Amino acid sequence: MLAEALALSAVLFAIGVIGVLTRRNAIIIFMCVELMLNAVNLSFVALSTLYGASGQVFVVFTMTVAAAEAAVGLAIIIAIFRHVKTVNLQNINLLKG
Amino acid sequence: MTFDLANPSQLMQALGPDLLLIVGAMALMLWAAWRPESDEHQRAVGVASLALIVATIGLTIWYAARGLSSGPGIIAVDNFRWAANIVCLLGAFGAIALGLEYNVRERIRPAESHVLVLFATAGMMMLAAARDLMIVFLGVELMSVAVYVLAGLNRRSNKAAEGSLKYFLLGAFATAFLLYGIALIFGSTGSTNLTEIGQRIVEGNYVAHPMALVGTALLLIGFGFKVAAAPFHMWAPDVYEGAPTPITAFMATAVKAAAFTTFIRVWLEALPGMGEAWFAPVWWLAAVAMFVGNTVALSQRNLKRLLAYSSIAHSGYLLVAVATGTLAGSAAFLFYIVAYTLASFGAFAVVIAVGSEGDGNNELSDYEGLWHVRPGLAAAMSVFMLSLMGFPIFGGVGFFGKWYLLMAAIEAPRPLTTLAVVLVLTSVISAGYYLNVVRVMFMKARPEGAITPVRAGPLTRGVVFATAVVILVLGLVPSRVIGWSRASIPRAPVAQTASADLPK
Amino acid sequence: MMNPAMTFEGAHPLAATIARLVWLLPLLPLLGFLINGALAMLGAAKIGPADPSEGHHSEGHGNGHGGVHGHEHDDAHDHADHGHPPRHKFAGIVSLVGPGVLVAAFLLASAIFFAMRGVEMEHPYVLTLFSWMPVGDLNLNATILLDPLSMTMVMVVTGVGMLIHIFSVGYMQDDPGYPRYFAYLNLFVFFMLILVLGGSYPLLFVGWEGVGLCSYLLIGFWFSEKANADAGKKAFIVNRIGDFGFLVAMFLMFANLGTLDILGVADKAKDLPMGGAVATAIALFLFLGCTGKSAQIPLYTWLPDAMAGPTPVSALIHAATMVTAGVYLVARASGVFSMAPVAQLTVAAVGALTAFFAATIGLKQWDIKKVLAYSTVSQLGYMFVGVGVGAYVAGIFHLATHAFFKALLFLGSGSVIYAMHKAYHATHNHDDAQDMRNMGGLRHHMPITFCLMWIATLAIAGIPLFSGFFSKDEILAAVFARTHGSTLAEASLLGIPGSTVLFIVYGLGLVSALMTAIYMTRMMLYTFHGPNRTGEAERPHLAEAPWVMTGPLVVLGILAAFGGWLNVPALLGAIGPVGGLEHWLEPVVGENALRTTLGEAAHLSHSTELVLVGTAIAIAVAGIAFAVWRLKPAALVAKKDAPAAEGIARVLENKYFVDEGYDAAIVQPTVAVSRNVLWKGFDAGVIDGLFVNGSALLARAFGWMGSQLQTGHLGTYAWVLLIGVLTILGAFTYR
Amino acid sequence: MTAFLSSINYNAWIVPALLLLPAIGALGIGAHALLTAKDPAEKRWREVRILAFAFFMVEALLSLGLWWSIDPAASGWQALVDLPWIPQWGVRFTVGLDGIAMVLVLLTTLLMPLAVLGSWTSIRTKPHAYYANLLVLTVGMLGAFVSLDLVLFYVMWEIGLVPMYLIIGIWGGERRLYAAIKFFVYTMIGSLLMLVAILYLGSEASRVGGAPNFSYDFILNNVRLDPTTTLWLFGAFALAFAVKVPMFPFHTWLPDAHVEAPTAGSVILAAIMLKMGTFGFIRFALPLFPEAAMNPAVRTFVIVLAVVGIVYGALVAMVQPDFKKLVAYSSVSHLGFVMLGIFALTTESMQGALVVNVAHGISTGALFLLVGMIYERRHTRMIEDYGGIAKVVPIFATILTIVSLSSIGVPGTNGFIGEFLVLVGSFKTQPVAAVIAATAVIFAAAYLLWALQRIIYNSLSKPENEGIKDLNWREIGLLVPLVAAIIWIGVYPKPLLEKTEPAARRLVTYVEASVGKTPVTASNTAR
């Protein structure tokens, strides 16, 4: 049972990574990152069956942190939107070289 | 006096300085939000936060003086932690001090900018104290989130917003890897406490264990990103250029110092058993970081981006300390980070002093013939450049920093002589751009149209000359700091028998 | 520095006599140099303003003239003209100091000479002045070595030198650089005395290069003319090539014999294997030095160009003293040479070849000084034949007699040129005052010079009773005597057995004697006999030079005539003391000479000796007769409308194009290679271009690539990050 | 004299004093700059000149005592001062002298005032920084000659870099930027490799001796390494010194640095800084790694480089249009002699090398001063712009001739003594190299006389040359001591040779004795 759960979380993690690489919209990229975080939560929960409750405690921590991060992240995305009227990362490349 | 961390009140005492800072920061945040935005308010909050930092430094020094230690638990109580705290607090102090005048010039009115710095510093102190991967994760997140916002502080510049967006997205992306690494390490060893992990890896000979291997790799990737080492450095130049200069200085020094502190503690306490696995990658990571950081810096025209690449190169040098995997390496790291922080802060302070409103005047061409107009600033800048390059006497303590690193590398059980040669040769490349700054300032005539930079505020000039003087003085008599950094090395919890070999 | 720590050879008989003051000999000319040099500097110098850059030489042609060059007309050859410029303000003092110092030196030398004659000397008188280079086991002291050989040279140098100094007072009186001239001349005598009196080879080398330096300064005395400066530089550099040989010889001596003292080397050389590699190498390298200094093949090209200097200089340096230094060195190092028959054969062969080669060129030269220059090269060849075959006394004897008549010839030609200049000067004619085609029939205008020149010509041609005859004949006899029964005969040079080589040398000697007679008579005929070609207007101005110049000529004339008296051969015992010089030099070179002739003195049967003398006289007379018969001075035409020579004449006139050959074969390729291959190609191209700037460029290129990768798009960053992740994961898993 | 010196305990404080005085001087000039910020530039310029000159004169006079107080025959270090600097790393401030170091220290202290006098009128912009740089440079150079602790030596070695970099870069000619950075990076690559080697030695010493230790004597006596490591370390040290000497392939920085540096800069660079390289070989590379130095392959390689440097330098000098570059390449040739002398390893050749060191310093220093003086008047360094100026500036021409002759090595001048000893000495062990090197005697005459002729002789054809003013009293006063030294060493070199003889002999015997031997006992080691 554990192996399948870990495999699933690994697959989810990979999907998240591919999402970040291929998509161009900032919000979708952020959602993919959240997906990766939740994949890790899944593996934590799976592992806690082996080593007792401390894994699940960790999940609670990651969830709260993810929430805080989401709040701040979206605020940043709104700030960038106010400037360039778009969240498409293709034309956000002022800083380069 | 040894803290028994199982007992909550003792745990609270062990976290004394951290708590003082966090509680103070929250109080200040309320006060900041209470009054409408204005320059005076922002200055008042700034001064208050400086006072808070000084108090925390005082408490930390008092804690360090008492020679405390702790039993096994989620946090560590040793000189390494207090030393790292002091470095981060000094970084914060510098950032806020520069920020006070910089914000007025750039019309950044929100007083919360100083409070955010305090929160980031709280995160750093947590990282320094962390002896549990959970605390590491929390510290990293607390610090990063605060710094994501700080990077985008200047609402009116779209560069800042773009910088903070990139920092946020890539930061989150990398933290996911870190977290996944923690999960796998937890999966393979069954615990998140560094000492337990260390024991289990050594006993169970986990070096061949696939999950532990992948876990260590992911941890390395996570930390690699946080310290902006080479393959993971792409975000750094843009974020450093976009962020307000005091915050860039803060990111280049304090954030990097904290990240390395936890990196080294994890590597020394949890993963020495995995040495076989991570030695080559860390070796190559250091070499690539040094090479990429120094060569790309050669082609930079904007001074902030140049200093960004220089900080990437310095991450490479510090990775050499990690690669040694010895306690002497960690002492060398501490000494080097002090020298590096002084020099970087000085350099950024000069960038602020020379820069004009709207982050103008940061191009190398604006520095031509600066010596004829601002001899003091030019001389200070050349001291910082030579210190970053590691030049003796004129570069003061920078030289001894590199010296200590090289000595630790050569005297490591597995001598890194070739890496030392790589370090030395890449620092010759670094001479190319560091000296270029000096050359432009001293050897070129002041172009006619160039406007003489307006006289910087007292605090900025204070930071510039204070750091320059300290660098030069330490350059002559470094033994004080050497003794101090050799004493503050991570020490295993007291319960265990003292096994760590004494660093030379 | 001269007087402290002088250790007297207590036991030496000479120590008590005036010879004790021998260190004063070189000191006197040095004082002369210092005084004259100071006067020259005082006259010329004008101290510049405190701040050199202000008043940035605004006035182009302002009063910036130093006193040195008076008014700006630098004539090609040797005589300031355009009316009488004011003589140099210190001319009076310099005329006293310059020659005065030489007279004093000559008197002291004579005193020492007579002191030496009065004392029986077994070993030379060595006077240590101070410790020069006390290094490791080198331990070199500055010592003076006084023995009959060096005494002879000192007498020649100071005697002839004195006469030439006196002559120069007249000759150079109107020259603005008068004090500078005498300063250099005195410095030359100082270095020449160091050369002949030096007790160790490095000290000798100091004198050796010192005279080279002075000849550089004096040849290029009228430096404002590029040709003169070039001639000076050429002389110095060619001498330096010779000095390279001398240096290597000294290294060999030090490495193999462990000492550099002349006496030390002499007695250590004895136990070297006869004809061994070491002795031969040392001797050959020493001879390389001599070819440079004494203008033998292949390094003779500088001597004819050295005629660009004032004529008294040519007389003193390029006839009497400096060029004979090579002969003196071979005589002094006779210990080594006698141990190396192959080297001796080489010296003799080269000497003979040079004698013959230079004589042929002398036949077709038009410039009177060039004729004399090639004649000197030829006569030097003779001397080297002498010392080469081990007849050191004959070589030195010819050196002495040659000094007398060649100095006379040069000074005579100096008077002629002086007169020609005065004439051309009067009529503002810019014709060549040294070309024989513009002279002719001067015997009516300059009778004294005419007679004295004839004496010298007869002497050099080898007419009996004149000095040349005795010395030249003795050399030829010595060569003939050694063709059998001597170490030379057994040795072989490049496969040719020694005796054949000596026969060839003897043959060449005879032929060159013949040619010498011819070209000397040719010179006399074209200069003094036949119709005058100088020109109607100039003729009245041709007159005898003032007494100050003709006086020394007379003295030299006497010496040239009766010089033979010094070393009368046994054959003509009647005339004077038999073998005077032979006896005088015996203690120095006697033993080494005997070694070459296998123990007993080389002797010729009475009849062969008579035959040899006969042939020599016949040759001399035939030469003169041939010249008188063949050459028609009347047919000559002035230089400006003389037809260009072709065929053999042209080749000889242009001295076999040897100079152009050297230039093309050695000088130009070296300059071209160093400029294009070494400097531009390797230095700037390879080291700088490739490595230094190249590596800087490489670093910058990497940097540029890195910054291009930084596109600003988050996608690229994420990709790079992922590549990093994958590499590290790979590194961890596939260890 | 020695009694007076020992009465004031001269040896105890002289070396630190010599190092400290220029540092104080630099600070003094800095203070002067701040105090007189308001005064007119002209007045400040005149004052700071005199102040700087005063400091250098005091330094020179102070150092003269060394001639008597240092007894060259004594085997231990003279004027030894040993203070702890960084106890944790075993780095100590140990300074001391022996015969060789004393001569080079005197060369430095006596030449500096002349160099300052040489640029008396030519340096007008930012004089304070200029003279402060010169003073700091002196500290660096002296430090390198006297330090007996590897770290101290490295620090002093690097101190010399920045001031010279600034002097070339700020007050130099047109291509000064390129020349300055090239000089800096060239030297830095070499010295950083030396840093790694020093560290390696330090770690070996701490392994052998327990506590970390960088003292020269300790490492000399106790550190024995396996042949391959010795070769690597010798290579690192040798590269750093070879760049500085400069030896053949690493010399391309020298012509640029010399041509672009101001007069005083190129005088110091030629006369003293190049000697730090040769001194490094004598003090560090040879004694610390005798096996590597005696290893036939290495030795022949270095000697081949030296001889190639001699001939190459002379040949390339011949074709230089720029007189200063010509002198620079002649320095490459002269210092090739020094390297040949050192690696021939006989007492005579070592002594010769030391004499060439001093002689080259004086002759080339004087040559650069002269070039500087004529440059101040005509503002061109190209040889063909001159011609026939002996008529216009006789004093200059005479002195230039004398100095050129000493550079060619005509006997009676210092050049001859040095070159003769090197060649005589090296002939015994390296005959072929000595003979090839001897050909440089011809090339030297060729290139220098050819240049001399094109400058002072030939016809005075160009009108600009006629207005040149001759040397003034300051310049003559500056050159007379140098010419006197040239003649003195040429005619009576005994006192100079006696000073360096014992140290040279000890070095040669030590290097030869320790080939393939067990660790040499403490008693008979050389310093």
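Observations, loosely collected:
First chain written, first letter: the chains are A, B, C and D, and each begins at residue 1.
FYI, contacts are C-beta pairs under 8 Å (C-beta built on N, C-alpha and C of every residue); 3 or more make two chains touch, one makes a residue touch a chain.
Being a predicted model, the structure only gives us computed values, none of them experimental.
Among the remaining chains, those touching subunit B as well as subunit D are C. Among the chains, the centre nearest to the mean of all shown protein C-alpha atoms is found for D. Centroid analysis (C-alpha atoms only) places C farthest from subunit B.
Between subunit A and subunit C, the centres computed from C-alpha atoms are 97 Å apart. With centres taken as mean Cα positions, subunit D sits 38 Å from subunit C. If you average the Cα atoms of subunit B and of subunit C, the two centres end up 79 Å apart. Mean C-alpha positions place subunit A and subunit B at a centre distance of 26 Å. In subunit D, the residues touching two or more other chains are 185. Shared interface positions of subunit C, i.e. residues touching 2 or more other chains, are given as 696, 707, 710, 712, 714, 718.
For subunit B, the set of residues that touch two or more other chains comprises 165-166, 169, 173, 237-238, 300, 432. Inter-chain contacts, as defined above, occur between A-B, A-C, B-C, B-D, C-D. Those residues of subunit D that touch subunit B in the complex are listed here as 85-89, 151, 154-155, 158-159, 161-162, 165-166, 169-170, 176-177, 180-181, 184-185, 188-189, 192-193, 195-196, 199-200, 202-203, 206, 212. Those residues of subunit A whose C-beta lies close enough to touch subunit C in the complex are 17, 20-21, 24, 29, 89-90, 92-97. By the touch rule above, subunit C contacts subunit D in their complex via residues 1, 41, 44-53, 55, 57-62, 64-66, 68-69, 72, 74, 130-138, 202, 205-206, 208-210, 213, 216, 220, 223-226, 229-230, 232-233, 236-237, 240-241, 243-244, 247-248, 250-252, 254-255, 670-671, 673-675, 678-679, 683, 687-688, 692, 696.
Across the interface of their complex, subunit A is touched by residues 134, 137-138, 141, 145, 148-149, 152, 155, 158-159, 161-166, 168-169, 172-173, 176, 179-180, 182-184, 186-187, 190-192, 237-238, 241-242, 300, 305 of subunit B. In the complex of the two chains, the subunit D residues touching subunit C come out as 121-122, 182, 185-186, 249, 252-253, 312, 315-316, 318-320, 346-348, 351-352, 373, 376-377, 388, 390-395, 398, 405, 410-412, 416-417, 420-421, 423-425, 427-428, 431, 434-435, 438-439, 441-442, 445-446, 449-450, 453, 456-460, 463-464, 466-476, 491-494, 497-498, 501, 505.
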